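Going by the order they are written in, the chains are A, B, C and D; count residues from 1 in each one.
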């Protein structure tokens, strides 16, 4: 079922792991973003979601596809604190950037999880190079399907006129002109190995 | 590593299974073709290649992606006859079209395997909607990578001007005009579910 | 490598989960005990050790084989508190008895882990019906090997003269006499299904 | 469910693979025999039964446990000839002794399969050191259960008075006397590693 395209809400983050600078949709503009919403004590996240996103990280070049974890704690808050998450990330050798979704102290649902309307964990959100949500899944999705969605977004981006993005704006780059051959070459390098 | 694009050689087939009419690159023109070259007594084909291509068959709509098996016997010819293959396909419940690659009685290597330059089995060949080989792999390839390649070809095809294909020729369909929105919609339906 | 037989040290437990009454070597005397020492944030415990011990629980009758978890926290103490363990057991649906190994506030190594000389987690300790340690493994052990060790202890116990055990003493039951046939029958029922 | 103990029928074999001399219940007397009845084109045999029996071969010492394959072709006879089996064993690197069950040319069911009353493939038959069938399973059995049955038979054998077996007779060896310690030592070496 096609997911309607709409702008990804901003991330409301309490703390980042595995990155020196805070990340945002703006700083990642121009890349496909694969966002994994998880909880450290969620069995499906540990057995399926996180291993899958590590495979995504290994399969695609970092300058085209950004892999981001979002720790969306909506239950057992006392057991899944940021400090406990630090131990979890260390033990599971998760070294891609992970954001801790912010709690306002009133709702058990953290802010970004609420803004994205996520039903639970694991949830996968695929955001295109323009910052639009293009896929949204709760539970498990197969590697073939996920690979196809990422490949589609990469190819779309390759077929589009070249852009220069800065801050939250992108303009068409009139200094380059990409013909059919150029597009193929870019598509060809969109996969490692 | 990008595989150079070149026209897929025709298939030289001794016998077809699971199809009422013989298939060819021409009859499948307009679809992405995922061709799995296998041998029924090849362990990597049984444990990896064939299960993967069954997943491909289930993940993509049949009117966009055609899944074809090619039985390329280059060893143990006495044990992997077409009749033995029939028993194998029955037991393993393989119900997509499978072609038996033709032997000329001189070389142990069958004709299509030779024409495609395949190194062994399993080998995977991905052919785009225009009949060009776009990917070529011996051994195992992950689902994410294969999904991304198929997704890329589907999106490319969606971005291209509409065509009408008949026999071995396709012409641009000037009666339709596809803008960015149309392309997205087509991409969105390229995945089942 | 044969593990020397010696009496299992008593368990020094801070808190029990999934049992109404505290358990001990004495209360379980007469059963084979399979003890899994684990930490909730230990990846090998989550992916291998705990699923294996759940299979043990399902494969053997509860009146012959007792399955016990021992939470031996020796690192990340702040993240693996008994309360966090409660959430973990709930999420992973672990419903066999689990003991929290006691800390004395000085050493990071808890008391029972120290007494048993465990190197880390997961560790598996198999204790026979007399309370003697018969197998001791750090890391992963295959199901065939573990099954064989349990089967060996069950058969040994079947071949031994019948005993009556109470508290920490067992005496030979001179009211019964078990011949070869009786032994076989007992061995035959030592496996469910 | 306990399997009644009864003498294993002799094997009626057309041809042996992976052994220089024909094997029989008599030549293997004194060992636990794990017999895997399979067909080379049976998916459950390829994915479960044969990998399991290879693990059995690796887990137990060859002088205590004998692993034997029995090719019981009851369907697709033209596709599973002994010559085809030779290619299969080569490709799947199966190097333990495999017997081809004999056909009398009348029934599709081969002789040994009929004598053992096997329902299909894969079937597993466990025979004790005295030549009695002790376990009999059609389909899949877990490694824990299989390991326990083998461990039980090894321990039983260790607890029994020492015997000298020659040809098809075994006599009690009155030159040795095994006490509790001796039994434990023998049990301890019944598992590799």
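As a working rule, contacts are C-beta pairs under 8 Å (C-beta built on N, C-alpha and C of every residue); 3 or more make two chains touch, one makes a residue touch a chain.
What you see is a predicted model; the values in this text were computed from it and never measured.
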Topological distance between chain B and chain C, in contact steps: 2
Centroid-based (C-alpha) most distant chain relative to chain A: D
Distance from chain D to chain B - Cα centre to Cα centre, in angstrom: 43
Chain A and chain D: spacing of chain centres that average the CA atoms, whole Å: 53
Geometric centre distance via CA averages, chain B-chain A, whole Å: 31
Two or more partner chains touched - positions in chain C: none
Arrangement of touching chains [line / ring / star / complete / other]: ring
Pairwise chain contacts under the document criterion: A-B, A-C, B-D, C-D
Complex contacts: residues of chain A adjacent to chain C: 41-43, 46-47, 76, 78-81, 83-84, 86-88, 90-92
Chain D to chain C touching residues, read off their complex: 1-3, 5, 55-56, 59-60, 142-156, 159, 183-185, 187-191, 193
